[in-house]
Each structure stands twice: as C-alpha cells, then as structure tokens.
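Below is one structure, written out as structure tokens; comments come after it.
Each chain carries a letter (A, B, C and D) given by its place in the written order, and its residues are counted from 1.
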Amino acid sequence: MLSTRFILRALGVTLVTLVTCVGCDSASRRSVGLLGSTSLQPFAEVLGEHYAKKTPGQFVEVQGGGSTAGLQAASHGLADIGMCSRALTAEEIRHFTPILIARDGLAIVVNAENPVVGLSLGQLRALFAGRVLNWKDVGGKDGPVRPITREEGSGTRESFVRLVMGDDRISRRALTQESNGAVKELVKGDLSAIGYMSLGLVGNELKALRVDNVQPTVKNVLAGSYTLVRPLLFVTKGAPGPAAQKFVDFVLSPEGQGLLEAEGLVRAR
Amino acid sequence: MQLPKISVQGFNASFNGKPAVKNLDLEIFAQERLAIIGPASSGKTTFLRSLNRLNDLERGFSHSGDILRDGKNIYDPDIDVAELRRKVGMVYAVPVPLPWSIYDNLVYGLRLAGIRDRATLDNRIEVALRYAFLWDEVKDRLQEPANVLSGGQQQRLCIARVLVLEPDVLVLDEPCSGLDPISTAKIEDALVALKESHSIVLVTNNTKQAARASDRTAFLLLGDLIEVGPTSQIFTRPTQKRTNDYLVGQFG
Amino acid sequence: MKQDKIIGAILLLVALSAISGLGLITVFIFREGVPIILRLGARQFFLSTDWEPSLGKFGILSMIGGSLAVTVGAAAIGVVFSLGLAIVLTQFSPPGLSAALKPLIELLAGIPSVVYGFVGVVTLVPLIRHTLGGPGLSVLAASIVLGIMILPTITSIAIDALQAVSPTYLEGSIALGATRWQTVTMVILRAARSGIVAAVILGMGRAIGETMAVIMVAGNALEVPHSLLDPVRTLTSNIALEMGYASGAHRQALFATGVTLFVIITLLNIAALGFSRRRPARSRVG
Amino acid sequence: MRVSPAIIQRIAVVFMWALAAITFAVLVFILAYVLLHGLPHVTWSFLTQSPANMGRAGGIFPMILGTFLVSGLSVLVAAPVGVATAIYLTEYTHEGRMTAVIRFGADCLAGVPSIIFGLFGFVFFAITLRMGLSVLSGSLTLALMVLPTIIRTSEEAIRAVPDTYRQVSYGLGSTRWQMVLYVVLRSAIPGISTGIVLSLGRCISETAAVMLTAGSALRLPRSLFDSSRTLALHFYILSREGISMANAYATASVLIIAILALNLLAYWLMRKFVAKVGR
C-alpha cells in the first residue's frame, strides 16, 4: 500500500546516500582548504578561482570564521591554511608559520557629505574612545559622532586597536557590525558615522580620511608614509603540505600578487 | 441436541472495576439468529465486543469466566486474536467505510490475512456482496470511493466487508439504528439468508426488530441476563416480570 | 500481541532518542559554558556590564538587559497586532475571508529571518534615523522587526485559544443583550486568557532567541541602552558576532552566554506550558 | 455622555481591521521589495552557473544544490524519527509519565533558538564527531531543530483520524502495526506531509545554525562531508559584505519563491487532508 511503499523508498534512498557518502573521503576531494579571516575570505576566493582554472583537478575550499578561528583550524588540521588579517601575537608566532601574502591599508571612512577631510591619530583615538562626542570639536559640523567598530576578534578590529587605540578602549557606545559591507552601508547612510575598513573595499561612495595628513593610497602604503597598515597572512602549522605549498606559490607569484593588487590590496614585497 | 457454536460460562466484564456484564451464561448455536435486547448501558455492547476480544483494547478492561468457541476458550493465551476477529465478524452501529474505494474496503481484511491472489479476492468479494444484496448495486463501480454510497448501502458494504473473511459468527451492534425502513428490511433479509451458514448475534434497541429478525432473544438489564428463550416466547409469554416491563415500555 | 510489543518498544526507543537531542544539547552547551561562570563567579558574569574579551572581562549584564529590552518591545508590538488579528479573524470576519488570510500569516512565519533583517536595515533603519534621530540601528528597530517576526506565532496560538472557547458563551452573552465586542472583551478573552498568555510567552521565547535579524538591526553596541533609539546588543547577537573568532576563555564565555539564553528560554517555555492547558487525553480504543 | 456599545464595537472593529491591514501590507511590502529588486536579475544562467569573483558574478547553482542537500537530508532524517515518535505517542501508549516526558522534551526542543542549535551542532557534530563544517553536520543539526514541528504536526494529523477506523481495522483482524500502517498513516499522510513541507521551509530559511555547522564554502559540494553554503547564508554574506546587491536581491528572490512554493504546497496538502478526514 501507499504508505509502506513510500516509507521503504524513503529509507532506501537515505541508506544509499549515506553509504555512498561515507565511502568517499572529503579530504581527497579538495586540494587545499582555507579557513579564517572574513576580510581575507573574498580575496582567497578570487585567488582560488583563478588557481583552479589554471591548474585543472585542483580545488580550493575557502571558509570564513575569522582570524582566530583560522589559526585554530590550522592547528587542528580542519584546514590546510589558516587566514589571518592581523599580526600574530608573540605567543602565536611560536606555534605557527606565517606567510605574508599581502598588506592592507586600514582606511578611516566617513560619509561623503562630512566636511572633515583628515584627522590626527590622536583625534581618531579620542573619537573612537568616546572622549570627543561632537564633530565640531575636530573641525566638522555640529553633530554627534557615531563610531562604528567591528566585532571582537575580527582581524580588522584588532589591527585598528593595535595601530590606533594604544591603551584606550573603544567606546562602549560604538555600533558593532560584523562585516566590512555592513560598516560601509552604515557610513554611507549616516552623516555622523565614522568607521574603519580595508582600503581595498572603500569604493567611491565613502570618504577615506587623511590620517596625520597622509592620504590613504596604495602608493603611500608602499612608500611607508601611510602607517595604518596590517599584514594579511596565510598561516600553517609547520611547513605547508605539497598541495598547499603549490597554492601559496601561486599566490606569491606575480600573477597572484597582481590579482590581489587589482582587488585594492598592497603587494607583499 | 447440537453443540453450541459459542458457549459463555460465568462471564464477567468490568471497566476500571465497574462491572458491565455479570456472571453471564449463554449459548449461541449455529444457524440461529440471537437477538440481545435491553435498555441503554445494560452490557449488550460490552458482551458483543467480548466475543471478538475488541474490549481487550480498552484501558481498564478486565474479565473473568470463559467464552468457548467450538469448545476452545477464546481468552486462552495461544489464541490468535487476529484470526478470532476474522472468524467472529463484527458490524457496528454506524457504517464506517474506510476512506478508500469500495474494492479496497472489501479486500482489506483479506490482505491483512495474507491473501493476495487476485482471482480469490474477486471471487470472495462477489460472494460476499451477493450475500449482502449489494452486488447488483456496486458491481460496476468497485473503484469508486466507498463514501459516495448511501447510508444503507454503506452498512451493507460493511457487512460484506466482514463476510469476505468467511466468518462463522456474525455479531451486529444495532446495525440498523441510523437507517430507513427499506434499508433495514434489506439488511434483515440478508440476515435470513446468512443464518444458513452463520451464527448471528444481533444487538438491538428496537424490540420490534428483535421480534422480526431473530430466532431467540436474550434480555439483559444492568449487566445481568434476565431471560433468554425463543423469540416468540419472550415476546408473548416472558417468564420474568422485568422482561415484560421492558417490552411494554416501563423503562428504557 | 508479541509483534506489537516489539514494535512498541522500538517506537519508544526512537521517541526517546528524538528527545535525547535536548539532553545532548544541554550537556554540551553546559559543559562548554558552565566552567567559566564558576571560575569568574556568577556575580562577575551575570551582574557586570564589562565585556572586554581581550582583557579577560566577561560581564553579560548589558546583553541580558538588551535581550529583555528588545523582547519586551517586540512583545508589545506583537501582542497588539496579534490579538487584533486573532480577534478579528475569529469573531468579526466572514469565515471565507479568515480562511484566505490565515495562510498569509503562515507565510509571514516562513520568510527567512535574514530577509527580515535585511529589509529592516535598508528601509526601517534609515527611516528611524531620519525621522527620530539616533543611529537608526536601535532597540526600536529591533523591536519592530522582531514584533513582526513573532506575530505569526502569537496569532496562530491565540486563534486556537479563541476558537477553543465554547460557542455557548457567546450565545449566552449575546442573549443577555451584550454586543459582540462586549462579549469578546468580557467573556471570550477571559475564557481564553491562559491560552493567550501562553501564546505571548512563546512569542517572547522566539524573540529572545532570534539572531540574524537582530544582529542586522540592533546596532550591537555594548552600552546599556537609555532610550528606544539607542543601539543594543543581545545575548544571541553576542554569540553570533564573536563565535567565529573566539578561543579559550572567550569561547567559553560565549557558550556561557548560550547557557544563559538556554536557561531563560527553557524557563519561558515551562511557563508557557503551565499556562496552556494540556490537551485532554483522548478517549481511545485503538 | 455615554458612548453606545454599538459605536464602541464599530470603532474597535475598524481599529482591528486596520491592524490586520498593516500586517498584510508589511507582508506584501517585504515580498514586493525583495522580488522587485531581485527578479530582474534571476536568469537561467544565474540559476545554473557557479558564482565567480566571490559571488559578484556568475550564479548560485552550488547554493541551490547545497540548500537542497542540507534541507532535504535533514527532513529525511527528521521525518521518520518524528513520525515514529508521534505514532508512539498516539497509538502505542496511554497518556502517562512517559508521554509527559516526551512531550515536555519536544516542547522544550521547539523553543531552543537556532543559534543554540548552531553552537551545539558545531561542538557535537562538527568537532566531537569529526564531521567538520559539512552538509552532514548542518543537516543533522537542522534535523534536530525541526523534529518538534514534525512530531507535533504528525501527532495532530494522526489524532484527527477517526477512532472508528481503528475499530474497524481491528475488527477485520489487523494487528496494531497493520492498523497504524494501513489505516492511520494512510489517512494521516497529507497532514503529516504538511508538517514535513513546513519543516523543509524552516530548514531553507535557517541561517544562524547552518552558518556554524555547514560552513560557507562557495564550491559545489561533492559529498556530504563537504562544506556548502546555503541560499540564505549566501544572501546574508552577499548583502552584508556588500559584495553584490543585485545578486543578493536575486538570491533572496529565489529563496522567497521557494518559500512561497512550499507554503502553497503545504496549504494544498492541508486542504486535501481536511477533505480526507472530514474535519
């Protein structure tokens, strides 16, 4: 009767699916697994896409999760390469091998209508710490300041704290957004907002501020005059395996570096 | 004298300690129609449902005493209850066609019994439908849903559904309570024909039906069997005052 | 019968394994989260507003407050709309119309929470920012979005509760000369009270547990909000925001946040169960 | 002056209809907003191609497949378990301590927020059972999440089957299991399917739990141990990272259309069920 047939068929399908899938090992199907920083994820996807096209039979699997998760994944073997968008701590350096694949300028962004064009590092710090609450105190129009930060653990945030905040803590009133895109949307729509993000992602709808009178450009990062710069790292536990090494070689090759540059990053060397 | 088909000996039934049938002794013979009458909640239905052990499924049901079918106690542990229920076929007060086609309703019991052979199925169905005087009305529409039939047809379908299993006892629980006189007459006619090969137990609230459609009549009151005897005698010369009171409408 | 006993035992085993999921969840979440609460002390963890994982400070009071704020806000909005809908659909609407509108409420429940969050960010948030001021991402925005999201839950349970009220109440009241509206407010709502309270509590449970939409519209600031227009961080968004990055004590603290959420929601569920009368046992033969 | 009760009633009813109108307007607004922005970008190639350039270009085929795998598998796991539990509760036991425990468990499970399921699935399936971020971890997590829905709707559907059917079946010599299989389930299947279809909808919509368990890989999953990004998560990432708004809207449109279709299917099944058991 209908119900028995239905149930038997459903069970059969489940069983067959499970058996076939237990039979195949996932690790053998992907050549290189990457996991980590959400800032790096899109770039790694682009790199992986070109790499797979160039070298048939090779697949690169890219997962988000965040810089710290990337380190953990690399240490547990959950991924071949961890992606990290901040400098390693002294403790971490003892356990991992970092590979610098690119550098990234950290842009301070405000709404395009905001008259302020530049801030000193000290002013920036005061704004994000919540000590300066009105734009007119830093040469802008009268109005509240709304700092926008990234979530705890984000490589972008940790780099920002290290490069800008020093011993100060980011204001508890700061809005917290979980992605560069969300920060961008918010700054685009709010005259009072100020945020930070990867230089490569600023686009032309936001205004990137000068910091200590230096314009945030790739040129200035390369020249070393723009100082808000963070490393973008591939991290492995010990030496990378052969497949991972081949991918790393591709990333560091002129072609790979060119791809990253096209995305707005700054080459590693 | 022939052996009884079913012999009920000192049978008690109760729900959660409340007795429903008390110390019942009764015999049911082959080729007879036994009517059971009595006012509401006098244990008629409980007794009927004990004959095919349907009460076993009720919570709090307990029983004592024996019910022998062909000399074998139906409450023995080695009895196949499913087989018992096939052989003691039951028809309910309200016709309950399962929400399938007429054909599926009829073959359901046979399929449960493991009979799959198409010819056997078709043959049994035809015989049963003819017994129930339904063959001519449905023979060309067996695949139609059963619930498009009229109430009377549905009840005859339910009788046929039981008959395909070739039971030797047929128990009917007020089978005509919701039916018009014509449908009732058809069912009563069917019972006449069926009695040739079956023992029939007919519970009814309708004393006139008992008088018309039975050979013997038993009168139950509050779980006690007051009197049993040939129908003609019960209805003309009851030995018990309470039987007479009931029949002339003193209670119930 | 023997076969039926075996099948019954197998089914019982399956049923128990189904709910053993709850036990597993409890064990795993608690095992990851409880140690840090014990280490820091309940006071430090629950009663401090200082959340600074990099400094080893894990106080979730502001998140607890934030969750409560948006939940109460959502319930306020959800209750008004849901009760209105439930009453109008059960008491004042032609049956055909109710039958046509109910599936739409189901549909509202089917829209993914990311879509709610997203539409909230691109339409509601700028609206609040431009008309009422503040950053837009706020308690108010989260309450409105959550209020809409829990509306189907509350409405459908409230409809069930209202429909369960015996029609004789209505007839009796109308016979005494009351208008239908008077009957609804004085008789029917009172009779359905416990079911409606259960509906509201279950709705609050959904609101407090919602994650993606809240992350998008609440602003997630750590400060305890002082007004409806201030941004707020909830327990759920705290977990989802930082889980990806967390390790060590930070990760434990996030699981402990999960434990807190789990306990709050379980208490709400138990309360709701207490209010909703259990269905009566079916009189059964089979 | 006292306002007459009739006028109060009129005001109240108008007010409540206004609330209803707002509610349905919000529904229409959300659907229209997403579909109007997204449908123009939904093309055949968008549905059948892999994403390129992190989702800025190309299509969403891997996400469609991933969503299908994750939700389908979770329902495939949850449905037999849920229906069996419902059968146990309704047909194989009487109300008592055991049913109370099972119902309480199911009710509590129903209230657990998806982020907690995500945390649990991450620790239990992905890490403890070493399944990693994968289709399997994600679907098992979601299976647990939709189990209470399936149990409850199945129970209701089974209870709606008239008791007389059971009596008839026993009377014709069925065992309990035959009765359940041939009479109860056969009548209850449209009702049970409604619950399964709605659960499928919940799986497709879910984001928080799959993010933590199935991961967010862009590639086509080749096995159940591969990570896969579902449509809802893809939409979330595209829109939040600001990668491509056009593709984000298009993805959301596909998602919404799938949900609409499932809701319609559930509605149709429900009507069929009501017609069948004659409630």
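Quick note on the criterion: a residue touches a chain if its C-beta (ideal position, glycine included) is under 8 Å from a C-beta of that chain, and two chains touch if they have at least 3 such contacts.
Computed from a predicted model, the values in this text were never measured in an experiment.
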| item | value |
| --- | --- |
| Touching subunit B and also subunit C, the following chains | D |
| Most central chain, Cα average position | D |
| Contact-richer chain pair [B-D vs C-D] | C-D |
| Relative to subunit D, chain with the most remote C-alpha centre | B |
| CA centroid of subunit B to CA centroid of subunit D, Å | 48 |
| Averaged-CA centre spacing for the pair subunit D and subunit C, given as whole angstrom | 17 |
| Centre-to-centre distance between subunit B and subunit A (centres being mean Cα positions), rounded to whole Å | 80 |
| Rounded Å distance, subunit A centre to subunit D centre (Cα mean) | 33 |
| Overlap residues in subunit B, where contacts from two or more other chains coincide | 54, 57, 59, 82 |
| Contacts with 2+ other chains: residues of subunit D | 94, 167, 169-170, 175, 182, 186, 239-240 |
| Subunit C residues counted as touching two or more neighbouring chains | 1, 216, 240, 284-286 |
| List of subunit B residues in touch with subunit D within their complex | 52, 54, 57, 59, 82-86, 89-90, 92, 94, 96, 98-100, 108-109, 112-113, 158, 161-162, 165 |
| Subunit C-touching residues of subunit D, taken from the complex the two chains share | 5-6, 8-9, 12-13, 15-17, 19-20, 22-24, 26-27, 29-31, 33-34, 81-82, 84-85, 87-95, 98, 101-102, 104-120, 122-124, 128, 144, 147, 151, 159, 163, 166-167, 169-170, 175-177, 179, 198, 201-202, 204-208, 211-212, 232-233, 235-236, 239-240, 248, 252, 255-256, 259-260, 262-263, 266-267 |
| Subunit C residues touching subunit A - in the complex, by the definition given at the top | 52-54, 121, 125-126, 129, 135-137, 215-216, 219-223, 231, 233, 240-242, 244-247, 250 |
| Of all residues in subunit A, those that touch subunit D in their complex | 1-4, 6-7, 10-11, 13-14, 17-18, 21, 24-26, 29-30, 38, 41-42, 45-46, 49, 59, 61-64, 78, 178-182, 184-185, 201 |
| Subunit D to subunit A touching residues, read off their complex | 52-54, 73, 76-77, 79-80, 132-134, 136, 181-182, 185-186, 189, 215-219, 222-227, 237, 239-243 |
